[in-house]
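Per-chain numbering from 1; labels A, B, C, D and E assigned in written order.
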Amino acid sequence: ACGSGSGSSSSGSGGGKVKVGLITKTDTNPYFVKMKQGAEQAAKSEGVSLMTAAGKFDGDNGSQVTALENMVAAGVKGVLITPNDSKAIVPAIAKARAKGVLVIALDTPPEPQSSVDALFATDNEKAGELIGQYAKAAMAGKKAKIATMDLAPGVSVGVQRHDGFVKGFGITDSDPSIVCSQDTGGDQAKGQTAMENCLQKAPDINLVYAINEPAALGAFTAIKAKGRAKDVMIVAIDGGCTGVKAVKDGTIAATAQQYPLKMAADGVKAVAAYGKSGTKTSGYTDTGVNLITDKPQTGIDAKDSAFGLANCWG
Amino acid sequence: MKDSAPEKKPEPVLSARGLVKRYGHVTAIDGADFELLPGEVLAVIGDNGAGKTSLIKALTGALVPDAGEIRLHGEPIRFSGPLEARRHGIETVYQDLAVAPSMDIAANMFLGREIRRAGPLGTVFRMLDKKAMRRESADYMAALQIRLGSLGQAVETLSGGQRQAVAVARAAAWARSVVVMDEPTAALGVKESAQVLDLIRRVRDKGIPVILISHNMPHVFEIADRIHVHRLGRREALIKPADYSMAEVVAIMTGALSVTADGGTVVSDDEAASAAGVRRG
Amino acid sequence: MKDSAPEKKPEPVLSARGLVKRYGHVTAIDGADFELLPGEVLAVIGDNGAGKTSLIKALTGALVPDAGEIRLHGEPIRFSGPLEARRHGIETVYQDLAVAPSMDIAANMFLGREIRRAGPLGTVFRMLDKKAMRRESADYMAALQIRLGSLGQAVETLSGGQRQAVAVARAAAWARSVVVMDEPTAALGVKESAQVLDLIRRVRDKGIPVILISHNMPHVFEIADRIHVHRLGRREALIKPADYSMAEVVAIMTGALSVTADGGTVVSDDEAASAAGVRRG
Amino acid sequence: MTASTMTPTAVKEPTAARRLLTAPAAGPFAALVLASVFFSLSTDQFLSGGNFSLILQQVMVVGTLAIGQTLIILTAGIDLACGAIMAFGGILLAKLAVNSGVPPVLAILLAIAVCGGFGLVNGLLVRLVPLPPFIVTLGMLNIAFALTHIYSDEQTVTGLPGPLTALGKTFPLGRTDVTYGSLLTVGLFLVFAYALNGTAWGRHVYALGNSAESARLSGIRVTRLTIGIYTVAGLVYGVAALLLVSRTGVGDPQAGQTENLDSITAVVLGGTSLFGGRGTVLGTFVGVLIVGVFRNGLQLMGVSSVYQTLVTGVLVILAVTVDQLSRKGTR
Amino acid sequence: MTASTMTPTAVKEPTAARRLLTAPAAGPFAALVLASVFFSLSTDQFLSGGNFSLILQQVMVVGTLAIGQTLIILTAGIDLACGAIMAFGGILLAKLAVNSGVPPVLAILLAIAVCGGFGLVNGLLVRLVPLPPFIVTLGMLNIAFALTHIYSDEQTVTGLPGPLTALGKTFPLGRTDVTYGSLLTVGLFLVFAYALNGTAWGRHVYALGNSAESARLSGIRVTRLTIGIYTVAGLVYGVAALLLVSRTGVGDPQAGQTENLDSITAVVLGGTSLFGGRGTVLGTFVGVLIVGVFRNGLQLMGVSSVYQTLVTGVLVILAVTVDQLSRKGTR
């Protein structure tokens, strides 16, 4: 592979600390704040220095490529990245690895997965499936009228979760029980507007799937305004502290919790180890996903909100 | 009109009948006729707001009249825009000058007619000959005896008169078949105005007719072969300066006097006429 | 100067010494002096680009001179902007009119000095009295005998002369201590120009001095008490019109004649002087 | 006798009907009506008081921002930071009240004042350095964005006290529930319509946008005026922050990211020129409604999101085309 | 003797040194140099041929877009669609070559032509209806965005044939590797600098931006010119699409979403007025580099991501302040 910026050094030159880069999808999501926290804590305990960067929006590949290049130019030992575009990031990763940089994907696998040294992630489709199954069970044979509050066109996590949900619920996308699907960008205000319009269109919606908890809470606000808080069930994904609180007070029926802090901390440790001993981690580490609910359904593994709060994104 | 009988009139270069232009509820041209003969300097005069600018804009393709007919060399014509009028050799100095403020004098002077370098530089690379344009611009400006700080000054930094001189020099430089000047000396000094009158004479002497809009009666009487008096959106009279005094012409312009079919005048507004100091016609 | 000896001169209303203004490598004002006496009409004349507009901009706070001193009623003063000059009662018609093109005549006339409704509507709700402003504007415009399509027309749709009339009417309406007019009749017709001269006289008769920049020598000779001749960025002469012929003044302006300390003239440029038709001084 | 023959004291003024037809907001309004008719015919749910109230409620935040944006665009400026300033105001408001125990009403006032402060800084930079508004507000966009995320630590603030969400409550108007916030937004539009059209200040705003130099020469205090306009715009963004918080019921650090472009879009759709000096705030209101109606109508029709984007693109162009064509007759 | 006493044939022209100092790009250039010096002092890695080559490569896509954007802004327009058109061009290019088996070179030409087509439509709408450029390109932004997602089915296209990624390859220049793409971008900047400054067409672009009406009265074919400019800009976006694809090695339907604002930012940072008629394409090049240098330098310094945004905001304002102050002396 032909390198970019060949004049830059690729190993911890200058005798300083080992440098680790963390590139998240965006800056605008508590999820990634947790990741940064995990990375910072680990960096401190491992005695390495951390650089961070982020895309400008969910799906922004260009900024991630640029950040990756700049980090390589800065002489990082390894980079942790949550790819905004699983395929598009691959050539840039290949260039970085060609310079001896250890690249670990967090949260979202690149395609092919083998393009990184290692992957620490939740299985997003599985997370979707989990709450799909939960929702199916909780509807208890009632005829479902479903609204899906999706992410944005073409962003893999959103697509995987949506597909997982539909699969877990035992239907397909063309099923008539899905009466409204809207993109929310994972944003609370947009989630609210989307849900308002869905309710205007189909007032009898009784089940809402949301890509993440902000979208779910936005949907809830719209539902409550219509006085239907009691008879619409909301399920979501993420398991952030705010989200779990919403589970606890019954706003959200269930959520699928993932563990970003752990992903990042493990990633930093792996790079630090590479710096010290030159050994590279490899393969996929499933950082796990748990269904969090206070109204468990028989046959579906779940933890309660107390567990969820104790572990929110830890 | 007084002069219509004697000589056989040559075909007009540019003429119009019944032109109309309305803006909402304001009528700027109200059935105006127009006639420009070969080789003459035709002055167009009239009160502010009489519709002179609107008239010549219609004649030069800058605005499309709502009604009426324009003829060039006897042929009916409809200009699609100022470019087409210019293609027919009609060169205009507009009252608001139509210059590009951020560009310099030479660039404005040659706008739309830039000179390219000779040889492949010009034909293949379409390279401008900036030196030539600058040189020629300097000559044109010198002919008007306009003082300039720098030829490279943006037009927006020029004094009012300097800016007007650029527009006049440009039109004169490109004159081919008709030159139209809408108040070309309004911002000019005594000396500079005299140069513009000279310029108009030189253009006329080349056989190119000139339409001159002006509020300056001495200038008009000095240079015009005929005077088109415009009033309330239409032609009120078409006269020779020799046949009337300046005071009479002003009186016609303001509606105090009217021109009769036989070229005489009648007082249409007693008070106004005596105020204008005109004898009874 | 010829007239400097006899009468004891009153204190000037507005005066300046050694004003300088440079734009990059162009010097617009080059050590100019200036003096306006109470109740006089002072004409400022000069070639295009001589620096007249720059001079009065410096005097009215519209530009900050690089050097020199300005005095108002004998006190040195530095205007921070046109508003401050206006607060001192100096009212100006700028050559480029300084109007807001998209706004209508009344709005422009009262810009920065709007009339509010009487009572709480005005004091609490700060409501404009649009009717009053419209009415007064109509009166001011009528005084200039300017024909208008509609008072509600945006200024950008007015004819050149109509637009100028708006600016002139505005300044005249607000005159309090000094009125400055930079070529106020450039775009005006014969009748309308006469009205503006009348207006200037009326202002002067109220005891308010007027600075008039004009290229129109007959106007200048008709109305000016004194003439400030500007040349190459500075004052070349300060004379009374009665002491010189129009041709001589023009010759001074163009540098053909110079005014000597005792008020006589000497030919400084033979060729130019004879071209200007001036006898030897 | 044609109009041009009249003397100035007897000039013919346009009739009321003509004035309505040629009013600057007439074109956008026609587009709004056309769109509404279209959606009424294509979906059952569009034409109802409840749905109109919903649309109004959905546009109140961007509508309020668009008021400030209109002021700035009228001066030939542009504000890329309005959404980011609002987001910061929203988080500040929520965190002050929830985390710092500041009394709600005081928190509201403080947040509005801070937003006004952002506007003030914008105005100072625009006028005193002077810098292009585009750059100043682009810089401020980044700054306010970063401050929001730093201050909030990306955490959504929940559990807001009553006064912060009061504007999100509804009251019945006939058979329709209307939120107080919508009413506030409409009220602000009327206030600014009056200020721009009925006061000297409004005229000065237009004059400034026509030509800052002419305004200065006319004796308008251009510096004070400019800085004032940016500050007022900032205060209005502060009100938008309150509306945002009361509408969503949370302090959301992710808010306001698309509102910059949305507010400019509303202003331009409403017939205001980006070159300043021409336009009306009521036009902006119509522009905001056009966007709200498009989004609502398309979603009610069940158009999928990518196609919504496609159709919105076409409709935006069509809306302004309607506006243009409706003007052709009067030129 | 002062300059104003000179006769026109003997006017004093500014010296070369003075002209350099007062050149429109001098201010932005000073800001660029200042920023570079700062980063050179604060990090070890900034000052190296390799890093400069990297920066150049990182800005080549937005730089190329900014060329088209400059043309349009010079006419007093604005292009919000440039990034979206590029994204569509990139996907088209990739899918044609990979999925439809079109020969790579033909695919490239087709994609560039289609981008030109988008520009042509923009130009037609802007000039012939006429519509404000802001609205036309906002509509086109939505349309191109939607078409990209519909046509790509949200799938990133991989496995591109060699010719599509050739511009991403490097060659050694001294001891530094430079990508062919950077070279192409620099070449395009030079070509357009020449076209704008050295040809009649360029003068007409400026005249159009000064005043479309004056340009028309001066006999410039304003309609043809406007439509031509938008079309050329579209073609340039097509080249940007090729550069994008060759830089990232994939066809990415999510690309181009921030490039609209980024390209406008570069143009304005480069000293071009959003009101048209004033500015240079070389200034834009400097503006593009300023953004690239900020991003690279801050990353090398290890500034964390949220603070990068904050500092970028401050620096953008500072950069233009430097520009302004450097001009004060010459006014």
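We take it that a contact is a pair of C-beta atoms (placed from the backbone, for glycine too) under 8 Å apart; a residue touches a chain by one contact, two chains touch by 3 or more.
These figures come from a predicted structure and were not determined experimentally.
Colleague: Going only between touching chains, how few steps reach chain C from chain A?
Modeller: Minimal hop count between chain A and chain C: 2.
Colleague: By the contact definition above, name the pair with the higher C-beta contact count: B-E or A-E.
Modeller: A-E
Colleague: For chain C and chain D, let me know how many angstrom lie between their CA-based centres, rounded off.
Modeller: 44
Colleague: Can you give the whole-Å distance between the Cα centres of chain C and chain E?
Modeller: Chain centroid spacing, chain C to chain E, equals 48 Å.
Colleague: Report, in whole Å, the distance between the mean C-alpha point of chain B and the mean C-alpha point of chain C.
Modeller: The computed centroid separation for chain B versus chain C comes out at 28 Å.
Colleague: List the centre-to-centre spacing of chain A and chain D in whole Å, with centres computed as mean CA coordinates.
Modeller: 34
Colleague: So which stretches of chain E touch two or more other chains?
Modeller: Residue numbers touching two or more other chains: 3-5, 12, 14, 149, 306, 309.
Colleague: Would you pick out the residues of chain C that each touch at least 2 other chains?
Modeller: In chain C, the residues touching two or more other chains are 23, 25-28, 49, 146-150.
Colleague: By the touch rule stated above, which residues of chain A touch at least two different other chains?
Modeller: Touching at least two other chains: 27, 153.
Colleague: Per the contact definition, I'd like the list of chain B residues that touch chain C in the complex.
Modeller: Within the complex, chain B touches chain C at residues 23, 25-28, 46-50, 53, 95-96, 146-150, 153, 157-162, 165, 183, 186-193, 215-218, 250, 253-254.
Colleague: Which residues of chain C touch chain D in their complex?
Modeller: Its residues touching chain D are 62, 81-83, 86, 92, 94, 97-103, 107, 111-114, 116, 125-128, 138-139, 141-142, 146-152.
Colleague: So in the complex, the part of chain A that touches chain E is made up of which residues?
Modeller: Going through chain A, the ones touching chain E are 2-9, 14, 19, 24, 27, 36, 49, 51-54, 56-57, 59-63, 65-67, 69-71, 73-75, 84-88, 90-92, 153-155, 159.
Colleague: Contact residues on chain D for chain C in the complex?
Modeller: Residue list for chain D touching chain C: 3-9, 11-14, 194, 198-201, 203-204, 206-207, 210-211, 213-221, 277-278.
Colleague: Where on chain E is chain A touching in the complex?
Modeller: For chain E paired with chain A, touching residues are 43-45, 48-51, 53-54, 57-58, 61, 149, 152, 154-156, 158, 169-170, 175-177, 179, 244, 247-250, 252-255, 257-259, 295-296, 299-300, 302, 304-306, 308-309.
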